[in-house]
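In what comes next, chain A is part of two complexes: it sits with chain B in the first one and with chain C in the second one.
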Partner chain A sequence: MKKFGMIAILLLLLIMTACSSGASSGDEYPSKNLEIVAPASPGGGWDLTARSVENVLSGQKLVEENINVVNKPGGGGEVGWKYLESKDSHSLAINSSLVLTNNLLGQSEMTYEGFTPIATLATEWQSLAVPPDSEYESAKELLEAIKEDPASIKIGVGPGLGNDDHLSLVQAASEFGIDPSQMNFLVYEGGGDVVTALLGGHVDAVTTSLSEVKDQYLADKLNILAVSSDKPVEGIEDVPTWTDQGIDLVFPHWRGIMGPPDMTEEEIAYWDEKLSEMVETEEWQKVLENNDWEGFYKNSEETKAFMDEQHNLYKSLIEDSGLVK
Partner chain B sequence: MDGSSFMEGLFISLEPMNILWIIIGGFLGTIVGMLPGLGPATAVAVLIPVTFGMEPVSAIILMAAIYYGAMYGGSRSSILINTPGDGSAIAATFDGYPMAQKGQAGEALAISAVASFIGGLIAVVGFIFLAEPLANFALEFGPAEYFLLMLLTLSAIVALSIGKMVKGFLAMMLGLTLSTIGIDTQTGVYRFTMGIPHLSEGIDFLIVIIGVYAIGEVLYNLLTIDQEKKEKKKVGKVWFTKEQWKRSKWPILRSGPIGFLIGVLPGAGGSIASMISYTTEKQISKKPEEFGEGAPEGLAAPESANNAASVGAMIPLLTMGIPGSGTTAVMLGALIMLGLRPGPLLFEQQPETAWALVNSMFIGNIALIIINILLVGLLVKILDTPAKVLYPIIVLLAFIGTYTLSYSTIDFFLLLIFGFFGLFLKVMDFPLAPLVLALIVGGEMEQNFRKALLSSDGSLDIFFSSGVSIVLVILTVVSLLYPLIFKFFKRRNLANKTDKISKSS
Partner chain C sequence: MKNLLRVSLQVKILGLVIFLLLLVLSLVTIMIAYMESNKDVENAENMALQTAKTVSYMPVIQEAFIQTSHPEEINYVSEQIREEVGASTIKIVARSGEAVGISGVGSPIRSADFYRAVVFGSNYILHTGEGDDEILKGIAPIIVDYGEYKRLEGAVIAEFQMKDIHNEVAADIKKIIMASSAVFVLGIAGSFILSRSIRKDTFGLEPYEISILYQERDAVLQSVKEGIVAIDRKGIITTINVSAQELLDLPDHSEGRPVYDIIPSPSFLEIIDSREKIINEELQFGDRNLIVNTRPIRKKDDVIGTVISFRDKTEIKKMIEALSEVRQYTEDLRAQAHEFTSKLYVILGMIQLGKLQEAIAMIQEETQVQQQVTEMFFRNIRDEKVQAIILGKLAKASEKKVDFKMEEGSSLDPLPDHIRLTPLIIILGNLINNAFDAVMDNKEKQVSFFVTDLGRDIVFEIADNGRGLKKGTEQHIFQKGFSLKGDNRGYGLANVRDEVELLHGTIEIDSHEHEGTIFTVILPKKIE
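And now, the complex of A and B:
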């Protein structure tokens, strides 16, 4: 019995080496099944992004090879991206600003430069919301009150400090001359809990993704004081942007996709072609619409420049926020 | 409530395809609920790619059926092999397993199915008439109220540990300690993660459940396997007796509404609902000493409550777009993908979809009681399975279930650690539930306590500032003092009796 086990293992090893050597032998890319890593549990934002990309690429026959979505949750993306680091160019992973902030906050050794930028896909916008009967009717009024007594205004945020929800308001406050490290943030489990806390009057304001509060706003359950987009958002054109209110701030909450280190130019070009086709499809537009996302496509080169620029921005924001000393 | 959309929803849910989805979902839910570690959240998540091709309304009906189906299934393994399939099935081990050991496995399975059914029906009726006001009531719950609700849940440990109070509290402290592992959300500081990124989100309580219950139980039985009597275990009838029904009737009817109300609160859910209903029943019972020894009402009450809670959890999801539990969070993500956005506008813009779901829960509960009663005869055969076949299967399932939690092999080590730890606790005669319960509520309890104090500038008055919080404080105090009161009355009764005896003599 033991012998048989050994033989089976040996055979398996043989097959495995055969496969991996096949992959690296200069065949046309991609030479085997592709993999998109969602560094989160099924059902979360990253997972849905990965599955949408897979669904459109395969469904529209843009990519012939099988694409598997693999979930590697944990450590705010850390586990999934570490996994990607060890894979070959047939694996890609979904990312967001956490790939920058994990390192800046001292929570991870990995840096964004350790991966190959492939594309930026879509963005959401951030919002600042208050209860409908709030005494603050504009973002400026609220910021004035915070400036006067930073601790007096309770602001809900989730699921953790240092994320885009938190940092977008940090940036707005800094622009307004407030020391963000003095502000009173209450951290909730997630976007939904933040909204519940606001509706129940347990916090004075919340900073969260626009999609969490848009329907509530349309149902008159709360008031949105500002959105972080560059122009008014479709469906809620009456909500002013930060720039409309004289605060120089456009803050995308983007999602992108990246590859393991050292991908070749041909491999990168392959994805530039496929993904630029994908974002033009009707199906992708539908995905954007359903999720309240906005198209934010940048190809690999643009994404590289964008990441550098974002890295510098986040670095200064995190310093302002007082999270890292 | 809007009558015509209600009828329209009823017709949608009665479409043959949708009835088929309800049955498939309910059956799947029962199965995943039964298997340790594989819960409704995993099942719904795995089905996401399948739902891509479905009508949104069918998708939501299917996913909801899996959710409440799992509530039926969860207690099956609690009763038969003392291994809860999920947090909400822990309470079913307290009396369900003793019933099975007494040779009443069939009765236990049947009564828990009926309890789930009635609890579900109570909750669906509650949903139809009370969705809106209850959603608003749930908003009243701020950090202080959540903290107190969880404190009340932990006070249940007192009721559970009568006779071995010190051990119960030690287990609870351990659970609370474990719950501090991971990133602290208020400050972003990593606590006790030992540099392992995997631990940054804390230890999943499901691993601990599978470890201490499933693996622990198997190990414990391996130790005692030689002493096991060779005689075949009795499985009892597949239906409960009149006497058992009489004892369970009122607990079921009381626990349904309790579970429903707790389920409506985002973040509370089935574990807390079943625990609170169990202790409530134990405390108002005339025979509390029978609880834990196989009292049918001790099984019926939490079963009614957790199913009602799963229906209640749909209220914040549908009326506010706020997921109240892990499973509803996954559902929300999947529905958004399909272009159906649960939230304040759903009942205005697509009332027929919302009412189709509510009606499907009616049909689903009917389908599930039939499925589960039919399964009783089959499931009791598990008890006849020889240990050498059954235990490897349990271990295998435990590992599979653990892997599906976060697709990581690190969890296997945790599973084994907790398995041996569970064995240790069993050998030392520690109660397991306080440990797991404290781990389930500990993290949230701490965060809510700190949020409450942050928002009150450190003043403890916030815990007495609302009607809800005062009621919760009173309930907790009563619950904590209950053993004293219990003793006092017992002594007085005894004294009375001796009085009478001495008088008569």
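And now, the complex of A and C:
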């Protein structure tokens, strides 16, 4: 009996020391090297975002600890985010709307609620482009034609259905009363292939990021019928937004950063402080300019609200049958 | 309540086993059934999704969309797959909702079902309908590769009847229940065998009977006047009774401690260590004389323990002394009766011879002597116990021709209750007998007895004019075995001293060689 008592006391002591040591290490975050996961191969948008954040934070000495960028490509972000799930609060990962749509499209079990939102950093805008000699002068004319005969208009998209390029046009078409299931999407390998297909006359229109077509537009090699921003985009102010054309659609292609589940309030506050400082720096402004991104900073709390809102939007977009509308 | 719980061992074991088995088995059955049914549904879902995907990838179907023809072959192939996986229906639809191929039970094509597949290229599961009509649908998009680009052309819908899946689950659960029933029966059989085997081991006694037996054994052990100690092979005390504790002056709770630590006597330990059967061995333990018996407990050839029992020899001696003392009295009284009888015969003879004067004179003389004695002794001594002892000794004195007198001024009221007859017999009997023995060789055999209870103490004084003690021997006469009368004696004075001490009194001796000895016993009237 006495022996059991001793064991119980020892166990209690162990637990107490374990607890106290756990608490003390939480006081001084970050306590070791930091890690930013780019859930894609080097060179892509996610990788670029991760490296830019690392550059500015370290270059401006905002963060003293070493920051490593780790590439974990695969599964449309799935591999990298799964990796993040198993790490402690010293690891963060870049994300985008795919963290919402992967689950909604039945491609992933993970949900955005399984992570700690840290910030939304930047956004790109979507564009609908046609060849310069196209008979369609405005987005409305094109949508009319699709409504008339959906199969007759070939629309290029890439690299897969369900991405923001695709979803933005599906939403616009739905708004216009077109059944998305009847639309004639040709799926290409990537953004570049889509533009090539358009320039080669293989498709009648493409939906893609503005950065993919902006230069071609300025060179008069194609025509942009609509952008998904809320106001005209700098440099191409003559291109109308969807809202300008009477279609209620603002569609950001945002990128953000998130942490593993259950980060503490102190850790979140740390990143709120550092990242809000970062987006104010000239270096970050330069990054935005070079990549045709737009500043879209939201802190952790705002990002959480934004994600909830986006989730509901995507959910209704994907799950509600277009026919019902 | 207690009586309700006092059921036979068999009922107890059986009840517990049934209760536990029912609890465990039902929990396990429910858990397995739950997991099994979940697994069955999950399997069916995987199967539906896999079937839809497989069909969507089949070249014949891809070909059909590229060629925009609907060959009979599609139906044939999908029918084959449908039968193989047990689906109720496999539908192949174009984006427009047009049926390209259908096999199995016909059911309406609902475009809402495959909207996500044809717009976003999702693979997913749907459950439609309720109850028996519930249908599980696995839906996969048909993506046709045109080389440079791919296009979503339609969807495959593989349908399964949930009814079939539920039947499968029910069959599985039935199997599990059968298995656990078998375990239940086995468990009951096992508990029967167990309770039987336990009863066999306990000579058919129920546990409560065993506990009563145990308590009885303990009570018997504790009530025995002999000291009993049992030790195991390592010398650890396993059983000890109250008498043993008292005789060996051991503290309480000696059980479980090594006998070598708590018994200080080497000779006692030697006996214990001998591991042999020893009968009536005498040994000195402190100031006690013990008679020890040991008996080793053997298991086959090994000694696994020893039982030691012992009595206090001093006590036995005392009992024997007291007994012989009492017998002495009857002897003494018979002697007196005998003396009177002979005197009566003398008087009878005188009367017959007509010597009446002499007879009367003799009777008067006898009466006077008797009265004198009686008056002298009993007028002042009003305690019946002392009276009886003195009366006996008077007879003995007259037989031995000893002049046994009571000193002037003796007086004694009835003694207090705590001074009982036996100690008095031992104290006074021994001292007076010793005095008689001491004067045996004298011409003038004088022994006097004095008692007084004035004050807080009762004082007895027995004096003789015998040979007295040599100087220096006074100290030894109270030791055991000291005797002037020969071997194997000498317990008398030791016993006297013990009894006096028990009564919280003192004994003094005043002796001069050739002049005589005076023993003085002082007993307090009250023991504090």
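A few comments on the model shown:
Following the convention adopted for this analysis, the second predicted complex is superposed on the first by the 294 of 325 C-alpha atoms of A that agree within 3 Å, B and C clash if a C-alpha of one lies under 4 Å from a C-alpha of the other, contacts with A are read in each partner's own complex, and residues count from 1 in each chain.
The definition used in the following text is that a contact is a pair of C-beta atoms (placed from the backbone, for glycine too) under 8 Å apart; a residue touches a chain by one contact, two chains touch by 3 or more.
Computed from a prediction, not measured in an experiment: that's the story for all the values here.
Of the two partner chains placed by superposition, only chain B is touched by A:G76; chain C is not.
Counted by residues of chain A touched, the larger count belongs to B, out of chain B and chain C. Shared-chain residue A:L62: touches no atom of chain B or chain C.
In the superposed pair of complexes, A:A269 makes contact with neither chain B nor chain C.
When both complexes are overlaid on chain A, the residue A:S181 reaches chain C alone and has no touch with chain B.
Applying the stated contact rule after C-alpha superposition, one finds that A:V250 touches neither chain B nor chain C.
In the superposed pair of complexes, A:V170 makes contact with chain C only, with no contact to chain B.
When the shared chain is aligned, chain C comes close enough to touch A:I318, but chain B does not.
When the shared chain is aligned, chain B and chain C each come close enough to touch A:H202.
When the two complexes are laid over each other on chain A, chain A has residues 105, 107, 160-162, 184, 186-188, 193, 197, 202, 323 in contact with both chain B and chain C. Of all residues in chain A, only 105-107, 156, 160-162, 166, 170, 180-182, 184-188, 193, 197, 202, 318-319, 321-324 touch chain C in the complex they form. The touching residues of chain B, counted against chain A in their complex, run 41-42, 44-46, 48-49, 52, 138-143, 183, 185-188, 190, 197-198, 200-201, 266-267, 316, 320-323, 329-334, 336-339, 341, 343-345, 348, 406-408, 444, 447, 451, 454-455, 457. For chain A in complex with chain B, the residues that touch the partner chain are 41-45, 47-48, 51-52, 55, 70-76, 78-79, 82, 105, 107-108, 151, 154, 158-162, 184, 186-190, 192-193, 195-197, 199-203, 215-216, 218-219, 221, 286-287, 289-291, 323. Listed in rising order, the residues of chain C touching chain A in the complex are 95-96, 111-112, 115-116, 118-124, 143, 146, 148-152.
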